[in-house]
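Consider the two complexes below, in which chain A is the common component and chain B and chain C are the respective partners.
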Partner chain A sequence: MMENIQATLHKGPAVEASRPIKMTSKDVIVHYGAKQALNGITLDIPERQVTALIGPSGCGKSTYLRCLNRMNDTIDSAKVAGKILLDGEDVYDPDIDVVELRARVGMVFQKPNPFPKSIYENVSYGPKIHGLAHSKQEMDEIVHTSLRKAGLWREVHDRLDEPGTGLSGGQQQRLCIARAIAVSPEVILMDEPCSALDPIATATVEELIDELRENYTIVIVTHSMQQAARVSQLTAMFHLGDLAEVGPTEKMFSNPDDKRTQDYITGRFG
Partner chain B sequence: MSTFTIIPIVFVIGLVGAVMAYRRSRALVGKDGVKMHSRPTYHASFVACWGIIPALLTLAVWLIVSPIVISTNVSGNFPEGVLAQSQLTEGLAYGIVESIGTGLRVLPDDERATITDTTPVADVTALLRNRGIPTASAATDWMVPLALQLNSLQFWSRWAMTLVVFVVAVAGTFWSYRQIAPRLRARNNVERIVNGALIAASSIAIMTTVGIVFSMLFETIDFFSRISPAEFFFGTVWEPRFSNVGSSGNAGSFGFIPLLAGTLYIGAVAMLIAVPIGLFAAIYMAEYADNRTRSIVKPLLEVLAGIPTIVYGFFALITVGPFLRDLSAQISGLVSGNYVSFIEAQSVLTAGLVMAIMLIPFVSSLSDDIITSVPTSLRDGSLGLGATRSETIKRVILPAALPGIVSAVLLTASRAIGETMIVVLAAGVAANLTLNPFEPMTTITVKIVAQLTGDLEFNTPQTLVAFALGMTLFVITLCLNVYALYIVRKYKEQYE
Partner chain C sequence: MSDATANGIADTAAGRKPRRDIGIKKRYAAERRFKAYGIIAIAIGLGFLVMLMWSIFSKGYTAFWQTEIQVPITFSEQVIGTAEQANDSQTKLLMANYPQLARDGLIQLLGISADDKKAVSAANGLISSGTRVTLRDIVMNDLSVIGTTENVWLYASSELDSALKGQYDLNVPENRRPISDLQLEYIDKLEQQGAIEQRFNWGLFTSGASSRAETAGVGVAIIGSLYMMLIVLVLALPIGVAASIYLEEFAPKNKFTDLIEVNINNLAAVPSIVFGLLGLAVFINWFGLPRSAALVGGLVLTLMTLPTIIIATRAALRAVPPSIRAAALGLGASKNQTVFHHVLPLAMPGILTGTIIGLAQALGETAPLLLIGMVAFVADYPSTPLDPSTALPVQIYMWANEAERAFVERTSGAIIILLGFLAIMNVSAILLRRRFERRW
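And then the complex of A and B:
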């Protein structure tokens, strides 16, 4: 296991020197009803890098991710405390516009969830509701660029009118990424984006994530340690609602400080 | 033995077989460690099914066939020419024979022994009258021997039936009990029987529909042989006269247009009010309300659905109708200074309004279930892109739920078209043809009730028209449902 991951690491992207911080969280505590899901997470997310959140099931990594664009607001019983800053602005400030926040911090979900509309409408959905295009040409431009960036253009350019739900699983997930890119977010959150895909589709999506790093800050939750090693520069290890350890991905997988991280990446639990 | 004694006994035979099968199956397992294909309960059900089902089927067939056989036999013995003479139909004569037969069975044994083939009918009627059993005045002497023949045939048929059914039950139980072996696939057999039972249940629903259609079809054809379809479907005056016996000259006008217009008009007013309100209520409950509000509001709305429609009718008659009338008087007073109410207490508007109140819980409850069943992932996807809740509902949830909502709306429309009590009390029974929603109109169902109640002779166009109306209503709602199915399919294709 360990050798595998290290082999992956050598081919992986080099860690870049200290980047500006895009998002930061201080003592984030989340309750679902009476149950506490996160016990005070403090974490900095560097700009234009991929940050991977790893850890065993139920450790709170998805919960943390959903705090970053306030998707937890849609769950009645969820209560969030602590501070989360995006470019120094508190996202839980009552004055903040949640709708605008989610346009800046986009999200890709575990299961591909294209809308039951055509491929074109799926991508144009975000720009349309945010009024990003003022003419048909501009909208076409946004849709085509987003599909190109998501690496889907070649496969679907001649059938943009067909339903998005008719694509294969991997294509659907890339369509969802195109949909998220179309509103020009600054941060893209990905909640286990490859868990429902086969290995080939996974490889395509991972390549895509690596390319997207040039323009977007990406936070990815993943169950696969190889995937974390392949795509991320920074890795945060969650365990039972705590942040066990955070560090450059290379260091995390070769020489972790925390006993729990070591046990997890060597496959002793999780 | 009566049918209601036979059925429990058949069940007892089956159950005894089942218990024995269970024990035998258990014993087989214990004996030399053989592995049974099916568990003992399956062997038990297998034997019970074989004991009970064929016996009950035999019973059912016998109960249907034997009266037919007996009646053909007895009617065959009717004296030639007698029927024509006494102006009796064969069916009527057989009815009299049957009632004499039934009467004879009630008599005590000693009195019954006095009656032979040659007893005059007058004596028999006298005896029966003493026991409080009336007989038809048309009964004649030749009916007495036939009644006796009928009784004896029925007696033997019943004994034979009892015997045959028990033999079938015991034979089925015994045969299937003998089948029990480690390799017997009782489990698969029981599965097949369950399958058959389910198919039978669903075909009963279909057969009933077909039966209902046929029961109306013949009367409808009879009606159209008296009144031309063109007059019925395109006539604009509804005015069936009361029929006097023998006066077949003028039956009145049977124009169906005023009723159709009233039905559609009242239904449309009701739907126009109920669909938006119901849909918005459903959207609020499914998308906005928190769990506590939902748990209070939803049952409250559903209570509304449980109120009998006649109560809505009261509400229309006592409250809504007079309120609208007085309101219109006030409005016209304010506008023109002349306090004349332009809305009548019984009007299309009153009926539509009250019917809408009745329909709101249907629309909202059905749509709520449909909206809730739209996957959360779609909701998250839209919200995650920075859409507001109402944008999400308008652009993602409603389009995805549309096929379901359309079928819910059409289902509600069928109810609106079929509603009777509210219309009687809120819009009256006058068949007007008008475009003014403030005047009374009436619907097809109301007229069906009106034509079928009261002391009317059955065999007249005035009564038969009810069947033609019923048939037309059936066709209208059928078209509505077919259209709903078509729409649902079309949208499903688009969204899957």
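And then the complex of A and C:
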């Protein structure tokens, strides 16, 4: 099993230690009511790289991801402590508007969730509410570029008026990615984006993630070790609310320091 | 892990024992029994529905036909005065003895001598005394008819109408039925002359209240109900939807909002007559709004409909998948934008259905209207919601209290009209739902 994963390891440039840090978190603690979900996570997320969060179910990786764009705010019982910085600014600072934050830190969800509107409206909704386009031409431009970047343009360019919900699962997920890209975020969070997709659609989305790395900082939660190995440069292993280990993906899958990482990636638990 | 799987397979392969009795037959029998209960329940329900419909329609369809008699009317100057007099003062025109014109015309048609008091009185009993209004309207519309003779269709009296519709047993002795042998003779005569006919009863839809069945209609009640529905729609829909959106999407979940929720659910179960008392105390006694007014009725029905709309709207909002909210919020939409751009449009079919069901409930509501004085004899159309009016179900209630046979069929006729309105509302609810849902 270990050999398999090593074989799928990304062949791209190895992680550069000098990469600037886009987001950083210090001692992030999250409570859901009385239950503590995260026990103080300190993690740096490098710019324009893919950071994979792995770990067994219930380890807090999705919770951590949702702290980064404050989606946990929508859960009444969730209490977040600690510091999360985006370009050095605390995202939980009262001066930071959550709407602005989410425009800078976009999100793609586990299940494809296009709006029950046309493909065009799905992509144009974000730019529209943020006032990013001043004319129909500008909006068309944004929509077309976003769909191209999401690798969906060829498949849907002649049916932009059709409902987004009528696409296949993989196409829907790429539509959601296009929708996220359309507001020109700096960071894209992906919460198990391929878990509802078949292997072919998964491969397409993974290729897309690899391309998006050029322009965006990506944080991806995944249950698939192969996927983490294929798309990420940095891997963080979560376990029971703790950050067990973080390191360059190649090292994590070949020679992990932590026993728990070793056990998890060899399939002993999880 | 792989060892365990292998053992599992080996166990199953080795265990080719005789099949266990796992109660398959019993399970299927239980399923069949349950299906049978369901079918019986539906059959009973349908049976009652058919009985109800049959009893209403068999009694009520005749109300849509009204017997009329064609009588040659001489608009005599001696009775109604000359056209010049009418131009000077309308008093004579208004007060003239129009029934005499009708009577004279009829006895002429039947060839009765004006001196035969008994025969004249019998003939006079065949036409409705509502002819006063019919004839007066003809003259007032066109003064040039004065002095001429014209054939006019007049309403027959409700006794004649009921007799022709077979609602009286004509085999019983003469003194035990409301129509005499002499009158029956006259009816035959009129039928031979082709002067008697069953014509479509437009008056049922256009007339107001009347103590004579043949001139009574639900026109005023329809307008009153229409006013009330408009008031309920204009008030209850925005208030209800706004309250639901706030409670469902914005309000913090705490003891206080729980209390509000419980109370809204309880309000939906409060007997409607209590809302009538509330309306009487608050809207009429305190605010000083007029009695019997559609405005007060509408306000009371609004209070009654609000819980229904709120409950339906909240259910519709809750049915919108959370992933849609997450998607919008994740893009940086504010809570307000999320609700109004995405959640509300998706909840719209459910909200509309709930609203129309609430409206239909309000349309059929009688009890609270009794308390605010809408059980009233209103013959004139209300020009504003502040004028006295009645409502359809109240009109049905009042007619049901009348003794005459002709009112029995009218009661059922009015019920058919009310059911017609309800059917229209329900169909429009379905159509609206389809329209909004078909978009995706």
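Miscellaneous remarks
By our rule, the second predicted complex is superposed on the first by the 263 of 270 C-alpha atoms of A that agree within 3 Å, B and C clash if a C-alpha of one lies under 4 Å from a C-alpha of the other, contacts with A are read in each partner's own complex, and residues count from 1 in each chain.
We adopt the following convention: a residue touches a chain if its C-beta (ideal position, glycine included) is under 8 Å from a C-beta of that chain, and two chains touch if they have at least 3 such contacts.
All figures in this text were calculated on a predicted structure; none of them were measured in a lab.
Three-chain overlay on chain A, with chain B and chain C in a clash.
Look at A:V183: by the touch rule set out above, it reaches both chain B and chain C.
In the overlay built on the shared chain, the residue A:H239 is in contact with neither chain B nor chain C.
Of the two partner chains placed around the shared chain by superposition, chain B and chain C are both touched by A:P163. In the superposed model, A:M71 makes contact with both chain B and chain C. Residue contacts after overlaying the shared chain place A:G106 against chain B and chain C alike.
Of the two partner chains placed by the overlay, neither chain B nor chain C lies in contact with A:K149.
By the touch criterion stated above, A:G126 is placed in contact with chain B and with chain C alike.
Once the complexes are superposed on chain A, the part of chain C occupying the same space as chain B corresponds, among 92-100, 110-118, 128-136 or 146-154, to 128-136. Comparing the two interfaces of chain A, the one with chain B and the one with chain C have residues 69, 71, 74, 76, 99-103, 106-107, 109, 111, 113-117, 125-126, 129-130, 163, 165, 176, 179-180, 183 in common. Chain contact summary for the complex, chain C toward chain A: residues 252-253, 321, 323-334, 337, 341-342, 346, 439-440. If you check the complex, the residues on chain B that touch chain A are 290-291, 375, 377-388, 391, 395-396, 399-400, 494-496. The touching residues of chain A, when paired with chain C in their complex, are 69, 71, 74, 76, 99-103, 106-107, 109, 111, 113-117, 125-126, 129-130, 163, 165, 176, 179-180, 183.
Contacts from chain A toward chain B in the complex involve residues 69, 71, 74, 76, 99-104, 106-107, 109, 111, 113-117, 125-126, 129-130, 163, 165, 176, 179-180, 183.
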